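Per-chain numbering from 1; labels A, B, C and D assigned in written order.
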């Protein structure tokens, strides 16, 4: 393993410190935690529902890169691929509540769900009103009441954008949470890997792929997917992922938003080529794309790969997606 | 059978030691069917427990379990932090008034795991080790074989909770990392109380 | 080689097409070329000096990602690592000239210099006033009148930001060019690689490094550097690169701008850790940092590595660096 | 010695063929001391020349060289596009009124390279092949050995222009890719005019 780091145990605090130092006009760190909160000029004046997200590190710029006017109020970073602890989440909630309550945006992993739940219990003891939405956009995992359910992956960035914009517009907590849930229900993602990520504390890639293989349906924590196949041209990959996602949307009228997301080690060049193929195919299928975005938005350390998110998005959601924000990375 | 403060403290100390020794093993197990951090997570918890004990020697059983719980909750994160944390917190509350029989104590912890994890026995999680151990303790049949059997049985299951559940069928044939760390917990207990 | 592409020959047109399709409100493509020009609402109203840059592809988001209000007027993409041809550059100049002349921002590579020169000659024949500035910020290469001179690398993004902001403010061509030249003279970069890039047409990495080796002084086209050494902790890397760069700045009073740039395959996590170490060391040295930025700004395909740029920047330049822009990637 | 249209056309056709055959070789040479694209670049030029010839057969020498120049300038990019483009454009202008001696023709091209590249003989660029070839042609001593010697001599130089110059001492011992493609150009000429 070759990484530009110091001690493995110091990765998260040092990363957060680097992020905060280089963006002091936008964000600040809560002392003694790895929670990052808004520090922009407008923050204190704007009375709005707070939006707090967080999760394991290794998915940068998610979540800290999305803290700012019009998106998240705070983000809490856990260790690499490890949910943050309840006390850190609780401190972030305390720091951003303006009396209008706080929405927690949680990715569907047992660790995240449990730690955010414990933090919610702590905050409620302080009479802060809390709602939680759990993002589970990854359709490569079967949903069943007997399992953990689907994972939260790249669609999380779009969900955070929409609820962030809605909260800024003055929407109340109950409505923002309900909106967030509707958005989640209409957001579907699937990802592929060309090369697994190397967790620093482990020191080698999470799984091995041959020089001509890709893994379909990977998660953002090196979870293996549902199939290993030979690599195909971008066009064919786009076709397969689109077919898979569209089968989840029986109604293909109205407009859609898409996100082509790089997993961390895949350059923008390939992401744009893939996006080109995705948009071509969607045009051929007469699907209206009202919003599209390309980039390393929700990564998995140095994983090479890409994910495609498609959201059935009404005009209001598209408007929320397009509104300008002042964050580090949106 | 009950356990007194001095032995309970030995128990947790031994657990801490085993977690530190087996960090890499637990990470490797978690790399196969999870995200590769269970050893690192539990080791962070182990260090926090040691630090808390060094700062203040636990005065009674409730204090010992609570200190353990808080260290896990505040320093581990992930799934294992709230799970071990909740188990020990519930155990701490339960022994506040009355030192329970060991089988009952571990049952309290097991119930905590089920509540926090919204899960149950047979889902290929640490519960698959806690529950048989608690039952064996109650029936006075607790020994190494109980732990090993629980691990082996759980190994062949398909996971339906936790990260391993994303692998569906492919989770079969791998030891669940949380079950392995729980095995260390109960092997430590065994070393203290004997068969 | 595993890449998400179709035919190797179609990489650049498909990439540009993907970029333009997903950002139609910001940029458009000049028909029959791989040149990208501003398409935002303000473009036609703003009468200003045009800023045109370009170069080989593989450095995304440079340059097309920096086209927009307050930065570049147009960007011309060549084949991978290959300067674009004069006729494409000429068309971009034609498309953005508003009668106030056009500044060409060229990275110092013989191909770029020659092709932009030929385009300049073509545009001058149409009575368009042209000035050229050549960015050569890479201090890992010796400067000498007998050689090609230093290369243009990550500092290019900062130069484009400053001249773009100055042009928007209404500065005339001669002054923008002079400003650009002063900025270049005060911008110094050095980079390291952990893993070389794979040029798609070649199919294997440009050079090999052992599992514990890094290469110091690499260029952005897989040019090898001046030394191969064992990898070191981020702190020590930061120390070495800073020492090397600061030796070029005899006067360390006043304020400085810094850019920590990811080479394409290195995740943000490592970039922030490195940035943290850089800022710590600069604080220890009593150096004032007025602006800092972290991210994949000027990449080299899938190269793993990082570069550090330090610019001695007066208050006006810092202001230009901080002004908001509407581009895809700044 | 002079060359007439029909043979000059054969010359460029052969050059095109060699560029297509040796794309990988040129990329590999450029990977060692440049950026790995010289074969791809020249091949793109070769295809553009073929396409231009197919579209309109050159009517005279000036036309032939101009078509070659434009194909290189418009389709190659990089350093080699403007260099070969300028050399052939200058050659086209020179033969407009008068069919030059071959030695003089190649000298015109060489001067074009020097002007465009702001470079000179001995900097480990394609000029290191063009100049000796032009001289040998003028002295009527042009043969394969001249080309080979020029390549071998240039191979041992330290580059001071082009990307290879960034490697300083390490550029020694490698064949300059542009010199190799120029060697193909003059080997093609040799096949047409004989020793």
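Here is the rule we go by: a residue touches a chain if its C-beta (ideal position, glycine included) is under 8 Å from a C-beta of that chain, and two chains touch if they have at least 3 such contacts.
The shown structure was predicted, so the numbers you read here are calculated from the model rather than taken from an experiment.
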{"item": "Chain whose average C-alpha position is farthest from chain A's own", "value": "D"}
{"item": "Geometric centre distance via CA averages, chain D-chain C, whole Å", "value": "31"}
{"item": "Approximate Å spacing (C-alpha centroids) for the pair chain A, chain D", "value": "53"}
{"item": "Inter-chain centre distance, chain B versus chain D - centres from mean C-alpha coordinates, in Å", "value": "74"}
{"item": "Centroid spacing, where centroids are CA-atom means, of chain A and chain C in whole angstrom", "value": "29"}
{"item": "Multi-partner residues of chain B (each touching 2 or more other chains)", "value": "none"}
{"item": "Chain C: positions in contact with at least two other chains", "value": "none"}
{"item": "Chain-level touch network, classified as line, ring, star, complete or other", "value": "line"}
{"item": "Each pair of chains that touches, named by its two labels", "value": "A-B, A-C, C-D"}
{"item": "Interface residues, chain C side, partner chain A - complex", "value": "2-7, 11, 14-19, 21-22, 57-58, 60-61, 65, 194-195, 211-212, 214, 231, 233-235, 237, 260, 264-277, 279, 292-296, 299, 301-302, 304, 306, 329"}
{"item": "Residue ranges of chain D touching chain C (in the complex, touch as defined)", "value": "27-28, 31, 34-37, 39-41, 44, 73-83, 85, 116-117, 160-163, 165-168, 170"}
{"item": "Sites on chain A touched by chain B in the complex", "value": "56, 78-87, 109-111, 114-115, 117-118, 141-142, 146-148, 151, 199, 201-202, 206, 219, 221-224"}
